[in-house]
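Everything on this sheet refers to the single structure shown next.
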Amino acid sequence: MTLGQVPFVVSALLVVIGLYALLFKRNLIKMVIGVSIIETGVNLFLVTVGYRAGGQAPIYTYSDPTTLRVLPTPQALTLTSIVIGLATTALLLSFVVFIHRHYQTLDAEKIKELKG
Amino acid sequence: MKKALTVAAFLLVAAFLVVAATTMRPFGEPSHSEMDDYFLVNCQTEVVANNVVTAVVFDYRGFDTLGEATVLFAAVVGVLALFRTVREDER
Amino acid sequence: MIVSSVAFFAVAAVLSLCMIISVVRIGLGPTVADRVVGLDTINTMVVATMIVLAAAFDQVVFVDVAIIYALLSFVGTLYVARYLEKSP
Amino acid sequence: MIAETILQIVTLTLIICGAVLAVTLRDLLSSVIALAAASLLVSLEFYLLQAPDVAIAEAGIGAALTTAIYIIALRRTRRKEQQ
Amino acid sequence: MLVFLATSIVAFAAYLLLTLPSGTVGLWSVEELVAGAVLAALTGLIARNVGFPAERKERRAMLRMFNPLRWVLFLVYLFGPFLFAMARANLDVAYRVITGKIRPGIVKLMPELSTDLGRTLMANSITLTPGTLSVDIDEDTHALYVHWINVSNTEPSSREVCGSFEAWARRITE
Amino acid sequence: MTILIYVLFGIGLAASVLGSVALVRFPDVYTRLHGATKCTTFGSIFTTAAVIVYGFARGGAAHQTLAIHSIIALVALLLTNPTGSHAIARAAHRSGVKPVGAVVDRLEEES
Amino acid sequence: MSSGMSVIVRTVTRFTYALIIVFGFYVIMHGHLTPGGGFQGGAVVASAFALALVAFGTAGLKGALNRHLLQSLEEVGALAFLGLAFAGVGTAFFYNILANSGSVFGGSDPAALASGGVLPLMNWAVGLKVMTGIASILIIMVIGARKEATE
Amino acid sequence: MNALLHHAPVLLVAVPLLGAFAVPLVGKLGSGLRRFFVGLIALLTTAIAGYLAASFYAAGASPIVYVLGGRLSLPSGMVAPIRIMFELDGLSVFMMLITALAALAAVLYTSSFWKERSGATLKDSLMLLLIVGIFGMEMTGDLFNFFVFLEITSIAACSLVGFRVWNGRSQEAAFKVMTLYTLSGLFVLLAVGLLYGQYGGLNIAYLATMIGSGAALVDKIALGLLLTGLAMKAGAVPMHMWAPDAYGEAPGAASILLVANSQASLYGLFRVLFTLYGSAYSPQSLAWILIGLAVLTIIVGVTMALVQRDLKRLIAFGAVSQIGYMMLAVGVGFAAMTALQPSDFGFVALQGGLFHMINDAACIGLLFLAAGIVIRRAGTRDLQGMGGIAHDLKWTTAFFMLGAFALAGMPPLNGFASKLMIYESTFRLSPVLAIVAILASILLLAVFLRAFQAAFLGPRTEPTDVMRPVPISMLVSMGLLALVVVAFGLFPGFFVDRIVTPAAQALWSGRDAYIQAVMSGMGG
């Protein structure tokens, strides 16, 4: 019983779900949630790319140095990407708070400028 | 019209992404990566750290980390700028 | 090897099956508080799963993740509870 | 091996469920809760993929801090998603 | 200053526990001890305002917990009556889950405990035992409102709801 | 020792499954909290205890560290979990969720 | 978020606060040995601040978390990280000058605490940056939200 | 090679970064000191950029590689570079010069406003961060590092767009821009992940060699994601609607940096198309997609500009249409390059497109800076409410006119020089496209004439702001850009030969040199 490409498909589905929220939801916070979900999907994808079947975590403490290891670089990239995601979310939510302060609504349709 | 276009674009991107996912190599069999093998083999002698991920984050790819710290700094400065007190006369 | 790692994996798998019910509860509601209960249950389950998996992988350092998880999931729950308590 | 695969499949399925719930639930607070749950499960998935560093980061940032920031933002904005 | 020291000691102990079998000096290596001391001092500096309450009485109650005898008592309580009560309550709840027979209600307890620490210990013990759940605590009257899954008496004593928890909480914290 | 570990796992799993079932069986937030959080905590205590026993039984620095860190995780769980449940219950009550089929609600009466 | 939560939560927070902070410091300190590092430890400590913020409220935290101090510390952390990167400029930017040098963190045993060259120092710089940065984001957002409420 | 020149690429990023980190600390000591500090940092950055460019061109424009944290050579048998590296070829240096110009103008412009405004420290810090991000994007030779810098620019740019917190529209614009930027960044990251999973490397040169050897489906998907993300961020048509909001709402000095930011994304697009994938792989249909998008961008930009009443939005739509011209030129070049018989009009097209980049930065920057002063003086952004500015602000009027004419392609100015090259080469590919481009240009002239007439001419109106002379540093900043406009218009051949041709060559035939610069140091 192997997983095949299931993890990749799951991360792609996460991106799709996030895109759906971003495109079709009218609430601004829902859109931010969509962005968060896309970020999560991309992070999951990056870590999945680096997984080597039967490998152990790339940490040598208390561990047999000869075993197979998973690839460390995607994990490093994901760490960076997670913190970037937090920064993005914080900034987006600050904008949402200010939009609410000015318009007293979070509905993207009602904020006429937002339609572009 | 606009709605239909959006839906079409969304479906296109969705199909695109799922196709991308299914054309990947099978899960658990990444390509042979010389870069990562180099990290795994030489980390303990070159950087003298047991945690290879930290070694990659701070040594081999330290510049990314600097950029990432910069992103966080930018976010903090941005939030600060948003929540600053604005004098009445500059509105 | 006094217990084979398969046993640990089996325990973790059963725990993960329990998580399904919690996610169902998050989906069904009916009140927000019910959903938080589901979240809290998942937290506890995940901590247990992580500890068991650390033994299964035979990787000592993995337990640190479980500790952090146990300590920090609390913060999220408190934030939600506080929001709920202030604005019905 | 089978147990491990079941574990992975269940976790991945639950991540998708959490994400779908986060998008579809009307109540924004519930959405945030579902997002937190999805984030926690993603952390478990990272753990299963032998990435403890990332799992810690995701647990700390996804579970605690992102939820906190969302709740703080929700505090002064309206909770119900208008449709 | 006392507060700072106390927080630092707790932090140091926690750090030492985390890095237990690491070296040759006792159980620890020299670097770990030095790092632990520095970090504990740092923690004490950061956490001293939060770690201890402002009121004198509560502060003294917290400091009282540094007595090792109380720790022994606490451990005895944890592995003795508490675990036993928890196991028994679990069986009880298992029965209720299967049969669906419940008789819930929120009852009021007036614990005779003088410190927040004791009340917290008791409330958490109650919460951790299935079947009972502390819903709210009144900040002024110190009344504890407990959701009880099998209400046999609408005005119960603390003994009926949670067994010997109150006595143990008093013994440990006062 | 192996048997002890299996027994501990058995108790832990039973309690966890029970808690999860309680999540669907019980009618309202408070009773679900009884089942879910408490029973799963009980289950977690035992599964963790099994790992602790395993760690000490295997011996060696690595597995002792495993056991000690598991103990710390357990302490963290025991410290945070009841508090979280309490916070949820209080929030639920304040946000107006009534206990279903309550025989008595003293909190509602007095506030 | 002016007032705090119930007394039970506050009392437990008094314990967990110090515990989380010490654990965050442990994660930062052992970043080159066990999973973790600057980001993760910083995020953990920032979560401790978030916990204090939610349990005690901003009113209950008077003086415990100074916003301006946090911001200054963040800049110091960022500058320290940049400085550590500059330190290797004799060979190349980001060159690890301390590894295998025999000085403070230059031990050659990768399992010991005193190893990793500039890695622990960078961990600390980034940890300081992340914990103060995220904490100031949270505090600014909370205070800003409260200011808006009184408007 | 001396030490300063050796470290110059990294100093170009590190110096503004140091400035950005230190500005809040310096700002506590006083605003005068802060302004001096920021100006010093900007001058230093420009000086380094100029020095680097001068030595680069003097050395024959061969790529420079700087490896962060080590040396280029690896143990024998390795072919993958393990560390992050900066790699500068003609295109990077050219883009770097544009950015340096924009950065200097922006910092000079902002360094003395009429009066000290709140959050000036934070604004300075954000602008320096944006400069850091743009420089990083243009110089890095590592794909993930490119993403990180992309995110730095996103966050700094959006904070600047949302800087006017008292205005609800700026917040909406910032939200929209941030969402799109994040989305584009995540697409890029996804593509990076795909390429890493396929080839196990992140270095652009390394990936280019691997892609050159075999074209898998994954490559095509990654290419699609990269192009979508970068075109989105550059402001090409299907996703152009963020651009006018962003340019319109940002503070005047930040607008010019946003233009530079869009151009950096465009640079990323070119880098992906020409270097990462290369002509051997990319199909010709891609060139036509690019051309189609470009023409749409031109048309949409100009027609939308026609109906605007808001001065800044009008200029912003002008900027969108200019992005279209650049894409058109590069698309034509790409089409010529991938054709069976590569013809040299493609090279002219590339030259024209790249030359138009620096011209666009100068003209649009000039217009935005002048518009900032005009809006400040008129107290409104609506063209209807303005008028008679020319009576008070002689210099600003002159600068605005210069910028508008140059942008519309009037003969003696730089816009004419570059647009002529574009028309010429486009005509040889397809006459219809050239005619469309020329017509759009004429329309643009009409737009700007109308704006000029409405804002500057007409009877003198009472200014809402207290009459004060325009600060000298603003005039200097605009004068700098005006100098570029005039000089590039009068001596186009000189500049094209010196700086544009190496950049065009880097696109046209520089792929092998780019790869060799990294890969030849490997395995030794």
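Labels for the chains are A, B, C, D, E, F, G and H, by order of writing; each one numbers its residues from 1.
By definition in this document, contacts are C-beta pairs under 8 Å (C-beta built on N, C-alpha and C of every residue); 3 or more make two chains touch, one makes a residue touch a chain.
Model, not experiment: these values are computed from the prediction.
Engineer: Greatest Cα-centroid separation from chain G: which chain?
Structural biologist: Checked the centroid distances; the maximum from chain G is H.
Engineer: What is the chain whose Cα centre is as far as it gets from that of chain F?
Structural biologist: Centroid comparison gives H as the farthest chain from chain F.
Engineer: Counting C-beta pairs in contact, which chain pair has more, A-D or B-G?
Structural biologist: Pair with the higher count of C-beta contacts: A-D.
Engineer: Where the centres are mean C-alpha positions, what is the separation of chain F from chain G, in Å?
Structural biologist: Distance between chain centres, rounded to whole Å: 30 Å.
Engineer: Please report how many Å separate the Cα centroid of chain B from that of chain H, as a whole number.
Structural biologist: Chain centres of chain B and chain H, defined by C-alpha means, are spaced 23 Å apart.
Engineer: What is the distance, in whole Å, between the centres of chain C and chain H, each centre taken as the mean of its C-alpha atoms?
Structural biologist: 48
Engineer: What is the distance in Å between the mean C-alpha positions of chain A and chain C?
Structural biologist: Result: the chain centres lie 20 Å from each other.
Engineer: Which residue numbers or ranges of chain D touch two or more of the other chains?
Structural biologist: Residue numbers touching two or more other chains: 32, 50-53, 55-57, 60-61, 64-65, 68-69, 72-76.
Engineer: Two or more other chains touching the same residue: where does that happen in chain H?
Structural biologist: 17, 21, 24, 68-69, 144, 148, 151, 155, 158-159, 162, 165, 190, 197, 200, 202
Engineer: Of all the residues in chain G, which ones touch at least 2 other chains?
Structural biologist: Answer for chain G, listing residues that touch two or more other chains: 1, 5-6, 8-9, 12, 15-16, 19, 23, 27, 33-37, 39-40, 44, 47, 50, 54, 71, 75, 78, 82, 85, 93-94, 96, 110-111, 130, 134, 137, 141, 144-145, 148.
Engineer: Hey, which chains are touching each other here?
Structural biologist: A-B, A-C, A-D, A-F, A-G, A-H, B-D, B-G, B-H, C-D, C-F, C-G, D-G, E-F, E-G, F-G, G-H
Engineer: Mind pulling up the chain D residues that touch chain G in the complex?
Structural biologist: Those residues of chain D that touch chain G are 52-53, 55-57, 60-61, 64-65, 68-69, 72-73, 75-76.
Engineer: Under the definition above, what is the set of chain D residues touching chain B in their complex?
Structural biologist: Residue positions touching the partner: 51, 53.
Engineer: Tell me, which parts of chain B touch chain D in their complex?
Structural biologist: 51, 53-54
Engineer: Mind listing the chain G positions that touch chain E in their complex?
Structural biologist: That would be residues 6-8, 10-15, 17-19, 21-23, 25-26, 29-30, 52, 56, 61, 63-64, 112-114 of chain G.
Engineer: Show me the residue ranges of chain C that touch chain F in the complex, using the header's touch definition.
Structural biologist: Contact set of chain C toward chain F: 2-3, 7, 11, 14-15, 18-19, 21-22, 24-25, 31-34, 36-38, 40-41, 43-45, 47-48, 51-52, 54-55, 60, 63-64, 66-67, 70-71, 73-74, 77-78, 80-82, 84-85, 87-88.
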